[in-house]
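Here the structure comes first, spelled out in C-alpha cells, and everything after it is commentary.
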Amino acid sequence: MRLTPDQSGLIRRAEKVTFTFDGASVAGHAGESLAVALLRAGHLHLRDAPEDGAPRGAFCCMGLCQECVVRIGGQVVESCRSVVASGLAVTSLKEQQ
Amino acid sequence: MTEMCDIAVIGAGPAGANAALVASRHGLTVTLLDEQPKPGGQVWRAKSAAILDAPSTPESVAGGQLRQHLQNSAVTHLGDSRVWQIEQSADGWVLHLLRHGQVPSLRARALVIATGAREFVQPVPGWTTPGVLGLAGATALFKQELALPGKRTVVSGTGPLVFFVAAEIRRLGGEVAAVITPNSRGDWLRALPAMARRPDLLMRGARWVADLMLAGVPVHWRHAVSEVEGNNNVKTVRFRKLGADWSPKAEARSVEADSLCLGNGLIPAVETAQLAGLALEHRPALGGWVPKRGADGETAVPGLFLCGDGAGIRGAASAEIDGQLAGLGAAQHLGAETAAERARLRPSYTRAARFGMAMTALSIPRKGLAKLTRDDTIVCRCESLTYGAIAAEIAGGAASTNAVKSGLRAGMGACGGKFCQSTVARMIAQAEGGNEADVPPPTARPPLRPVPVAALAGDFDYSDLPIPKPAPL
Amino acid sequence: MTQIYDIAIVGGGIMGCAAALRLSAGGMAPVVLDQGDLGQGASGVNAGTLSLQIKRVELMPYALKGHHEWERMGDAVGFHKTGGYTLAFTAREAELLHERQTLKAEAGAPITFVSPQEVHKAEPNLAQKVVAASYCPEDGYANSSLTGQYYRGQLRDQGIAYRERCPVTAIEQGDGFTLTTPNGPIRARRLLLAAGAWLNPVAALMGVDLPVQARINTVSVTERMPPLISTVIGHATGLLTMKQKPNGTVLVGGGWQGRGTPQEGRGQVSAASVMPNLALAQYALPALAKARVLRSWTGFEANVPDFYPLAGALPGVKDAFVLGCVRGGYTIGPYIGGLMGDFILGREPELPLFDPARNFNEETA
C-alpha cells in the first residue's frame, strides 16, 4: 500500500525538442528549465570550479548560487533560469570541453 | 524609461503578492516585481510551460488561487524582473531592474520588500559534487518541472522540509534511498502542541512519514550526512549519528545513491533590505540576521515596509497575513485608512507566526552540526575556499565577515556570499568567544544579482556618455 | 594601570598603519584605532590602480617613491607591474592626453606616446577606435582588498597594538591625550589623525575645523573572464581605469561618483554613474559586453580645496598631527605614511610634507 501515490504517469509534458550541450545532442521538453533537461540527460557536470578545477553542477535551483551557469550565445546564464528551445546551442564552462 | 507607481513590491511570494493585493484594493497603483516568470514565490512556484497537465497539490492549488487573484486585480505584475539596485529619491524610491536583457527603472512612492528566504547548508566533504542539490532547491524542481533530482536519492535535512521532499520524490515516481534528519522523534513530539493548531498540515506530515515507513524507506532520526563520495557525480552518501547538540558521533555508515538533497533550514534573504538602508539584528529564532522592523511591516525608513520570511522565517501561512499587514501599512503611509483592517488581521498573524516559528525551531541547526565541516571541506563554493583557509585567515586577525571577505575573497564570488557567510560568521564567533550576535553579515553590494555589462551599458553613442571634467592636474 | 602609548593613531588605513610602522621602527609604541576593520576605508575599496599617468604633477616624486613601496610589498598586496596605456578616442581627447601626459613626463614619470598600432599589438582586444595613446612601463596595480590583511599582519609582526571596530567618540588633552572608545579610554602622549574621509569629524573632537570633503568613487568588478587585457588601461580624461586580475575578473573604476556622505556611514552606488562608467569600459574593451558585473561599491576619497595632502602638525594642538587627503592616496600612502612617521620622530623627511595650517585657497605645493 502506498499512502503517497506515484503520479508520474499522470503528467503530460510538452513535446520533446533537441538542443546541444558541448556539441552533444540532448532531448528536453520545450519550455522546461535547461538545468532540469541537462540533469535528466545525465549532464550534471556543468562547469569547473576556480582554483581546484573540481566539477560543479546545479545546486540551489533558484538562481542564487551560480553553480549551474552555462554559456548561450557567448553570454553566461544560469541554466536553472533558462528555458529549453529547439536548436539551442549550450556550452559548459568546463576548462576542457 | 522610468515607470511610476504608488507602491512597488519586491517578491511575489505569499507575502509580497498579498501586500500588493491589499494595497491595490485601496486604490493605489501597485507594481509587483519578481525574478520568476509567474507569481507564487518559492513555496507556490508555478509550473513551467513544459507541463501541460498534472495532478494538483496543496501548493499548486494555493499558488493557482494567488495567481488568479492577481490576475483579477489591478496589480501590475512584472515577472522575470530582477532588482539589482535600490536608490532613495526625494519623492520615494527608484528600483533598477534587469528584465529581458534591459535595465529599466521603476519609481515608487513606497516600497515593500518581500524577498523571502534562502537555504542554509552546513558544508560537508563532497557537498559540491554534481548531483547534490539544496533541499529547498529540490522543491523548485518538483513544483516547476515535476522533475526528479535523480533516480535514487538520499534526502537529508532538518524540519518538515525533509519529509516533504521525500514524499514529492515518491509522488513523482522516484526512489528515496534514505531519509536522514538531525531531528529526533522527540523533537517532533515536543513541537506537537504548536502543530495542533494546523491539523491539516499535521495530518499531511504524518502521512508522508507513514508512507516512507510502509515503503520500507529507512528514516535515520538524529543523523546527518557527513560526506558525499563520487567525483563527477554522487555515488555514496555517508552519514553519522548525532549527539544532543548535533555533534557527529560514532562511525559513519553509508548508502548508495546518485543524488542527494541537503538542507539545514532557511535563512532570511536580507541583502535587498540592507541595500535599502535597513539595519540588521540577530534573532536566532527567526533564522539569524533579520532587518529591524516595527508593527505592520514598518521600518526605520519612512515609506519602506518589510514582510514575509525575509523579515524572519515564519512560513507561508504567516507570510500571507504579514504581507497583508505590510501592504496595508504602506497604503496607510500613502494616506489610506487601514488601521481597523490591520487590527482585525493581527491576531491571526500571531497564531500563524507561532506555528511557523515552531517549524523554524525544528529546522535551525544546533551548534554541533558545524563539526561536520572538516579542515579541507569547501566552504565558499564560488572561490573554492576551504574551512582551513578561512580558519587561518581568522586566526591571522580577521575578526569580521567583511575582513574575511577582503582578505580571502570568501563572499566575493558570483553568488555574493549567499552560501558561505553564515558558516564564516559562525567560525568568527567561535574563534572570538562565541557570540554570533557580534558578527553581522558583510556590507551588501549591488548588483543584487549578476548583471551583464552590455545590459548596463545599453545602446549608447560615445559622444553621449556624460563624461565629467577631468581631475586637476 | 592603563598603558600610556607614545602615540595614538586614529584611522587604520594605509597612511595610519604605514606611519605606525615607521614610528615603531623609530622606537615609539603606537596604538592604531579604527572605527571598522583595518584598511576597509578608501585604502581597501579603491580600484588598486598604480598609475603614474593619473597622478598630479606636483605629487609625482611622491608617487614614484610610492610605486617602489608597493613593489617592495609585492605578492602580499597583490602587486603587479604590468605597464599601462592611456587611451584617447577623439581628437579633443588626444589633445588633452598630449597636454597632460607631457607635463607628467616632465615631472619624472617615464611616460611615452605610442601609436594606435602599437596599442593594438600589445592589447589586441581593445577597441579599434584609439586615436592616440600614452604608455608608462611603471604602471600596474595592487589588490586593495588585501590592504587590511597586509597591515594587520605587519602590525602583529612588529608587536604594534591595534584596535578594530573601536570608534573614538571623544578626545581630551591634558597630560597627553585620553581617547574615549567603546572599549574603554586609551591614553597616549601624542596623537595622529589619519581618518581619511572622516578627518573632519575626528578633528572636530579637538575643536579643529579641517576643510575636508569627500569624493565618492565607484568601482565595479566582473565575474572571471578569459584573458582580455594584460596591462592597466586608462582614459585621457582619467575617468576610466581597467585591469584584469590573474583570476580573470575585470576591475573597472575611474572616479565616477556615487552618493552619500562619510557621516552617514557608507556611500551608495548610483546607477546613473555606474552605467556610463561601464559603457565607457565596454567601449574601450568590447568583449566586456558579455561579462556579468558581480559587484559595484563606493569609497570615500578625502580632499581639501586645493587637492593637496594634509601632512604635518594639527593646527593649534600641541603634540597632535594629521595625515590624509592625498590625491592618489593609495599609491602614495605607504610612502607618505613613512615620511609622517619620520616627522613625528623629529627626523627630516626625505621629501617635504604639506602643512595643514596653509591657506587652502592659494596655489600651494
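To keep things simple, chains are lettered A, B and C as they appear, and every chain counts its residues starting from 1.
Rule of thumb we're sticking to: a residue touches a chain if its C-beta (ideal position, glycine included) is under 8 Å from a C-beta of that chain, and two chains touch if they have at least 3 such contacts.
Because the structure is predicted, anything quoted here is derived from the model rather than measured.
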Identifier of the chain whose CA centre is least distant from the whole-structure CA centre: B
Between A-C and B-C, the pair joined by more C-beta contacts: B-C
Rounded Å distance, chain A centre to chain B centre (Cα mean): 22
Where chain B and chain C are represented by their mean Cα positions, the distance between them in whole Å: 38
Rounded Å distance between chain A and chain C, as computed from the means of their C-alpha atoms: 45
Sites on chain C at which at least two other chains make contact: 223, 290, 292
Multi-partner residues of chain A (each touching 2 or more other chains): 50, 75-76
Touching two or more other chains - residue numbers and ranges from chain B: 413-414, 450, 452
Interface residues, chain A side, partner chain B - complex: 1-14, 29-33, 36, 39-40, 44-46, 49-52, 54-67, 69, 75-76, 80-81, 83-84
Contact footprint of chain A on chain B as seen in their complex: 35, 42, 48-55, 118-119, 128-134, 136-138, 140-141, 144-147, 149-150, 167, 170-173, 207-208, 210-211, 214-215, 231-233, 378, 381-384, 413-415, 418-419, 449-450, 452
Chain A to chain C touching residues, read off their complex: 50, 74-76
Chain B residues touching chain C - in the complex, by the definition given at the top: 85, 87, 94, 96, 103, 105, 393, 396-400, 402-403, 405-409, 412-414, 416, 443, 445-447, 450-454, 456-458, 460, 462, 465-473
List of chain C residues in touch with chain B within their complex: 36-40, 44, 54, 56-57, 89-90, 96, 100, 103, 129, 145-149, 152-153, 156, 164-165, 221-223, 236-239, 255-257, 259, 266, 268-271, 274-276, 278-283, 288-297, 307, 327
